[in-house]
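In the two complexes that follow, chain A is the common piece, with chain B as its partner first and chain C second.
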Partner chain A sequence: MAAPMLELKGVRTAYGNIEALKGVDLDIREGEIIALLGANGAGKTTTLCSITGLVPPKSGSIVFDGQDIRGARTESLVRKGLIMVPEGRRIFPGLTVLENLKMGAYLISDKRAISQDLEYIFNLFPILATRSRQSGGTLSGGEQQMLAISRSLMGHPRMLLLDEPSLGLAPIVIRNIFDIIRKINRENGTTILLVEQNANLALMLAHRAYIMTTGLITLSGTASEFLNDESVRKAYLGG
Partner chain B sequence: MTNPSSSQKPGRAILAEIKAGLLASLWICLLAFPLMTLEINPSSHTISFSASRLPFLAGATFVLAILWRFFLRRRAFQGVSKAVLKSEGLPEGLIKGPKPTWLTVVMGSRFRYPVLAILLGFMALLPFVSPPYLVNVMVKALIYVSLGLGLNVVVGVSGLLNLGYVAFYAMGAYTYALLGQYLGLGFWVCLPLGALVATLMGLLLGFPVIRLSGDYLAIVTLSFGEITRLVLTNLDITRGPRGISNIRPAGFFGLDLNGPIKDFLVANLGVDKDMDINKILTYFIILGLVILTIICVFRLENSRLGRAWLAMREDEVACQAMGINKTRAKLTAFALGSTWAGLAGVVFASHLSFINPTIFSFMESIMILSIVVLGGMGSIPGVILGALVLIVLPEQLRAFSQYRMLIFGALMVLMMVFRPGGLIQSAREVYLHKLGGQDGPQGGPAGGAARIEALNGAGRPVEGDGRG
Partner chain C sequence: MNFFLDLFMSGLTKGSIYALIALGYTMVYGIIALINFAHGEIYMIGAFTALLASMVLGSLGLSGWGLLLSVAAIAAVYSAMYGWTVERVAYKPLRGSSRLAPLISAIGMSIFLQNYVQLAQSPNFLVFPDLVPQIDFLAPVARYISRTQLVILLFTVFSMVGLTVFIKFTKMGMAMRAVAQDQTMARLAGVNIDKVISATFVIGSILAALGGVLIGCSMRQISFYIGFIAGMKAFTAAVLGGIGSIPGAVVGALILGFAESFAAGYVSSSYKDVVAFIILIIILIFRPEGIMGQAQTQKV
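Let's turn to the complex of A and B:
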């Protein structure tokens, strides 16, 4: 099997004296959808922040595309195609939808590519085309999540790190968004690392999954293994 | 709705109002007690007591308090109608913004260029028909417009609170004064040099402090402003507190403007015979600079970098996730803002022909910041209006000069309560909401009773906008 696209080995990250990650090992191959599951405070978001350099890890190695990226600046990783959709959507409420999308293409200077991408996004989420002149803050939660995902797509990601895209959304909206995530993965071959609390849904979508508990990966396997494993179901999926 | 007691028992509500008014006037009387009652007589070294002014103060406060509460109530009722709109399914943010103003309407229409041309023509003719005094005031006001627009990039657009902006203004002014004094360099050479010095100092200061945010950045920049002033006061080369005098005005191809040219202008164009023609030149220089600034700031705001600044103000983490180099983006804003202070400083030095460190005090930074806040953060027309209001009005209302700061303070408080976005709010926050099935350039939300169209593009077309 080919070398993994992203590989974490013994990653330790701390906020002051509190160690949030106590040696995380994780690998993702190109084209996969990986779900990273776990309870609140398990270190899922910290793992994403460690990868993207928002919170630099203390030790361990993070290799993306054969290069050690531990401690690299976030913007250089975005340039390499490693893009995160931050938790809680974090769209720019005062900018219009169109401007939000253009912010996603900040590092892309080819104007024709940007307008093609816009067209692609508006096909993917037609509601964003309707709302393109509206300011981001006026969108509903689901629309904001669509905007957040679209905004990161504008930066031509090779790997997308999604932090709880289902947070605070209605089930029907979540399904819609998960369908789109699957579509992005299939059509563009974008590798996806999905952090979720909604384990059932995430496992339906993912190829493989990791389960985190208090700063460590405690279980890993294919999504179907998890869905069929009685003990996992009991512990993490609510029966 | 907001005040159920008033609809149920009007008598009790009025009583409550009177009570609140009395409370306010009692409070003011206590606060102002020593100020209003004690009178120091310096010649006889005695302190006398007189309570005769207190009742007037109490009465005035009472009336003002009642009025104040009335206007606040009215504002709250506007909030209710907004809540009603919201219950009809309109998104909150859309309703929040004010209706389009005459400004956005004019600037969005096809009369935009004629209106601008008339305005420009008026500004161009002004110095030839007005008394010298007014030209001086206008030069001062335009210097503040360009300072305000420069600070607007830093504070209004990027959200970096810079309280030491005057330091960069001083650097521009001193660059011209010193280079002119010691090396004999002229205005036109020093104009870019002053800008360069201010920009470089902006970068130097910005580099270590830009990682600070909010209050911390404000404190550091405030200190920097004070340090600059103290250094200028104590250096020998700047002649300390005595300052530098006899700074030459801007030259015009080496011509003597107050010679035959002045005779010609006075004879043929009706220019005031006491007018210093150099002032007219300075007026046009600063007018040109302001126009250049407006174009630059406008282009910047709608550029990739400008969007990054706006986005940075809203969410730094998301910006980083988009691949924006946070430090670099902030530093550019900081340094670019300083550039305009430098330019304005050079013009200022040539205009006044004398500068000393006391001119560049902390109060001046506050004044420029007030222009930005009063006018409307991030709004170009707002900042222009703010500068005109805060600079020209005090000049015209000399009779009230004693009460200048009092009026200024009251104005600021009133504005923060009733118009927190500034006199002319940033167009970015203006939305038009249309009810009913009128036609717009784009399809409305499906199935909604209301058609909503954001008017963000008015006067500042977004790329790909057919209206531009």
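Let's turn to the complex of A and C:
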């Protein structure tokens, strides 16, 4: 079996004196979709921020592509293809849709690649093409989520870290977004680490899943195991 | 009517110089929410560099427009290096600490630079050479606009246009806007925040240096202390216009320039600062975020 693309071992992260991660272990192989589930405050977002260097961990190891990246600068990880779509989408409100997309390609210097990527994005989400001159802050929640994912694709991700992509969206929009995530995974081979509150939805999409409780991974298995396990369903998936 | 026009022109040129300085305050605040109290000193260093450069280049035989432009260029480069260094030395090490720490460090930097120039150059006012060449076509309208005023307006307009093009159409300009709006997201897009912050200081310092050259040309004397007063005024202008807003800084600076000029003309020159600050207080009572600033919404 090939070495995992991303491997966390004993990762501990703290905000001041409050330890949010108490030794997280998880691994992701290339091409997988992994769901990271758990209640509010379990440490899911902190796990993503620890990986991307936004909140540098205190100890443990994070290995991406065979290199220890713990404490590396966020922009150097973006360059390696480790790209995060943060919770709440964080569109630059005063930049146009097109500028938001170009920000996603900030580290790409090949102009032709950028215009090809734009064409690909506008095919994927035609609504973004019609709104390309509008400022990002004027988009609806669903459009902003499309833009956030598109912006991350502009940076040529090899692994996408998606934080709560369904948050605050209508069910029909969520289905559309999840279809696109599956498509990105299948067609581009992009590995995906998905943090979700909506566990049922995430398990339909993911290959494997981890469940976090108060800063630790407490359960892991394949998505179908979770979906079929009566006790897991009761405890985590609302029956 | 002539008196009014005189006051108008003097307010416009004064406001232009305030605007060049105020842009540095507002851009730095927009990016890292810091009031860079040492910014007035960068302007003062620009004026001193211009004085020294004009003596050296003048003795080498340079004159006319060539002298003025090369003096301005040297002052801009030199001040840019100071601005860059100030950020590296006094602000960058404090990033991530409490918001008061860099503020204190900024005040310290301001005092340090003032005293440094006082000791290294002179504690007295120094005569600044008349760098603006004769402009022949101005002769018929010389009663309304002096050659120095024309040069101040031209420099200012070119700087504003240049800055606007830079911010709107270059990659670094886009990154600056992105960092100002959401620093974390900019990092996640791969932006090296440190570079963007440095670039902001460099650009602000270049504009301030041009202001320093122009004030030298117009007042014909400079001292180590000019940065403090002009810095205060420009900071006021930036707050008036809405700190963080680039067009706001220009509008605020022009309002301040006109207010001072008309107050000096129609009331008394000793009341010009009083009127300027009364306007500030009135505007801030009714629009605390400044004329073009965006209201801060607190997230709960």
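Basically, the second predicted complex is superposed on the first by the 239 of 239 C-alpha atoms of A that agree within 3 Å, B and C clash if a C-alpha of one lies under 4 Å from a C-alpha of the other, contacts with A are read in each partner's own complex, and residues count from 1 in each chain.
We take it that contacts are C-beta pairs under 8 Å (C-beta built on N, C-alpha and C of every residue); 3 or more make two chains touch, one makes a residue touch a chain.
These figures come from a predicted structure and were not determined experimentally.
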item: Of chain B and chain C, the chain that contacts the larger number of chain A residues; value: B
item: Which superposed partner A:E75 touches (first chain B, second chain C, both, neither); value: both
item: First (chain B), second (chain C), both or neither touched by A:R133; value: first
item: Chain B versus chain C as contact partner of A:P56, first or second or both or neither; value: neither
item: First (chain B), second (chain C), both or neither touched by A:S115; value: first
item: First, second, both or neither for A:F92, with chain B first and chain C second; value: both
item: Contacts of A:M103 with chain B and chain C, given as first, second, both or neither; value: both
item: Footprint overlap on chain A, comparing chain B with chain C; value: 52, 54, 73-75, 78-79, 83-84, 86, 90, 92-95, 99, 102-104, 106-107, 151, 155
item: Footprint of chain A on chain B - complex, ascending; value: 91-94, 304, 307-308, 310-311, 313-315, 317-325, 428-429, 431, 442-446, 452-454, 456-457, 462, 464
item: Of all residues in chain A, those that touch chain B in their complex; value: 52, 54, 73-75, 78-79, 83-86, 90-96, 98-99, 102-104, 106-107, 115, 130-135, 137-140, 151-152, 155
item: For the chain C and chain A complex, residues of the former touching the latter; value: 171, 174-175, 177-178, 181-182, 184-192
item: List of chain A residues in touch with chain C within their complex; value: 52, 54, 73-75, 78-79, 83-84, 86, 90, 92-95, 99, 102-104, 106-107, 151, 155
